[in-house]
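As structure tokens, here come the structures.
In the two complexes below, chain A is the common chain; its partner is chain B in one and chain C in the other.
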Partner chain A sequence: MTQKEILNQIEDVLDVSIDSLSIEMELSSIDEYDSMAKLSLIVMCDDEFNKKLTAEQLNDFKTIGDIVVFLSA
Partner chain B sequence: MDKKVFLITGVTGAIGGAIARKLDSLGATLILTGRDTKKVEIFIDKELTQSNHIVLKLDLEDIDSISKSIDDLLFHDIRIDGFVHASGVGEVRPLKMTTPKFIYKVMNINFTSFIEIIRCIVNSKFKNKKISIVGISAIGAFQGNSTKTAYCASKAAMNAAVRCLAIELGDKGIRINTVAPGATQSKMMDDILSLPGGEQTLDKIKERQFLGVCSPNDIADAIHFLLSDSSKMITGTCLAVDGGKLST
Partner chain C sequence: MFQVTQIQSEQFTSHVYVITTSSRDEVFLIDCGGFQPVLDFLGTEAKVKGIFLTHYHYDHIYYVKQWMEIFPNATVYGSESTLSGLRNPKINLSFYHEDPVQVELTFSQFLFEGSITEIFDGIYIKSLLTEGHCEGSITYILENYVFTGDALIPNIPTVTKLKTGSKELSKVSIKKIKDSLSVNSIICPGHLEMKLAGQVLWDLY
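Presenting the complex of A and B:
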């Protein structure tokens, strides 16, 4: 999966418009990144990427890029 | 409970484990199921005192395989006195991720397998006399919970089915009820509390469940009561063991 495709998946989960996110964006600056979005992200990692994302790992994410790196690893 | 035989699903979970330990201590023979029978064997070795229990391989997600697995019990030539469905999945998901595939998985494990096992054991092939059946429902069957649509629907489905089957099977000497635990110390609760928003969830629980969080033994005591003749006039109902949660 390309970086753009991963970004589009994250945009879908966060319910923000397509191509609106970039890897350097701070998660704290995104209004939509609330507890419901975090929960959706955990499910997406499991369903689409077969990766277990713990709440602890999630809390360590600072930017969109951190999520992309986790999903690409 | 001495010499009685009980089928229990979900013994590697907190509530299933607690009722298995209780019935074992009272001298019952248990048929314990699991998708991974190794885990069940380890449970028997470590947690139970008697060694005459039966391990039954049962995959609740593969709903069509259940009747064949239950038929394997016929080799043991036993009578079944009770069945406790303590298996369950409590995964939380926002609506966006509540796909049909996810709903089927939750419904199969929590609800459809419960009915399928009952269908298979209520059969003259087994030399049953009176059977008491107990399903583990949830307070979520009565109260809404954000992100728990599939879970709460599956637990409400159990309660509705129990009312119907109680009438249908009453004249066969079969009683069927559910227990609805409030928040109970278990892996399921730990998992939910560790999720984003978990701290607020715990605050909400403490506010409404004013007697405190249940222990698995609190739930096992209620199941034991429903399995025993002390509850012989109770069928088709749901017993809440919820620290008062439903009253608030």
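Presenting the complex of A and C:
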């Protein structure tokens, strides 16, 4: 999956406009990044990428890029 | 007569609603994402006769096993999707929490759109299917109390981005809830405080 495709999946989960996110963006600057969004991301990692992401790991992520790198590894 | 009391979970931001008669000997719960604070409220004499589940997300069903252990004859009510979700931690999302919930119920009853259940003599709960937050969500109407779960948390956009969520269904459900209300209706959501129907900013939806 390309970086753009991963970004689009994250945009879908966060319920933000398509192509509105970039890898440099701070997670704390995204209004939609709330506890439900975090849970949705954890579920997405498991369902779509077969990767186990814990809440602790996610809380350590600072940017959208951190999520993309985790999903690309 | 009956009374409704909102009690917050010890672990989540979700609420359990306790429906009691004045004698408090027979009790029904709406959702069971909380346990000890509810037990503390009930005391030793009360007997839980049934639990009505609004939907299957773990913060609303987390303690169902504990409730079944101390009240084994209690009936668990909910939609077919909700009750089957109790058996699947990935569906009820508890898989992603520290202690997955996977429960086989002893006594359960499926509820549908328009189901009417008598809880006390002459006192009935009506079910409205209000999907959108997740499949199988039910709003319960008990006279002027309307227990919406997460289908409607007044003045907060409904979360539809979790699995089986749907913005379109949520709009339909919120209209259905709105149409069911009277001026005296009290909305009892799964999170945050209870509100009168007139306090809801409907344009938000």
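Keep in mind that, in the parts below, the second predicted complex is superposed on the first by the 73 of 73 C-alpha atoms of A that agree within 3 Å, B and C clash if a C-alpha of one lies under 4 Å from a C-alpha of the other, contacts with A are read in each partner's own complex, and residues count from 1 in each chain.
To be clear about the criterion, contacts are C-beta pairs under 8 Å (C-beta built on N, C-alpha and C of every residue); 3 or more make two chains touch, one makes a residue touch a chain.
Since the model is a prediction, treat every value here as computed from it, not as a measurement.
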| item | value |
| --- | --- |
| Combined model on chain A: chain C and chain B, fit or clash | clash |
| Partner chain(s) touched by A:63 [first = chain B, second = chain C, both, neither] | neither |
| Touching partner for A:13 - first (chain B), second (chain C), both, neither | both |
| First, second, both or neither for A:40, with chain B first and chain C second | both |
| Touching both chain C and chain B, counted on chain A across the two superposed complexes | 13, 15, 36, 39-40, 42-43, 47, 55 |
| Chain A to chain B touching residues, read off their complex | 13, 15, 35-36, 38-40, 42-44, 47, 54-55, 58 |
| Interface residues, chain C side, partner chain A - complex | 90, 93, 95-96, 159-163 |
| Contact set on chain B toward chain A in their complex | 92-94, 96-97, 146-147, 194-198, 200 |
| Chain C contact footprint on chain A (complex, rising order) | 13-15, 36-37, 39-40, 42-43, 46-47, 55 |
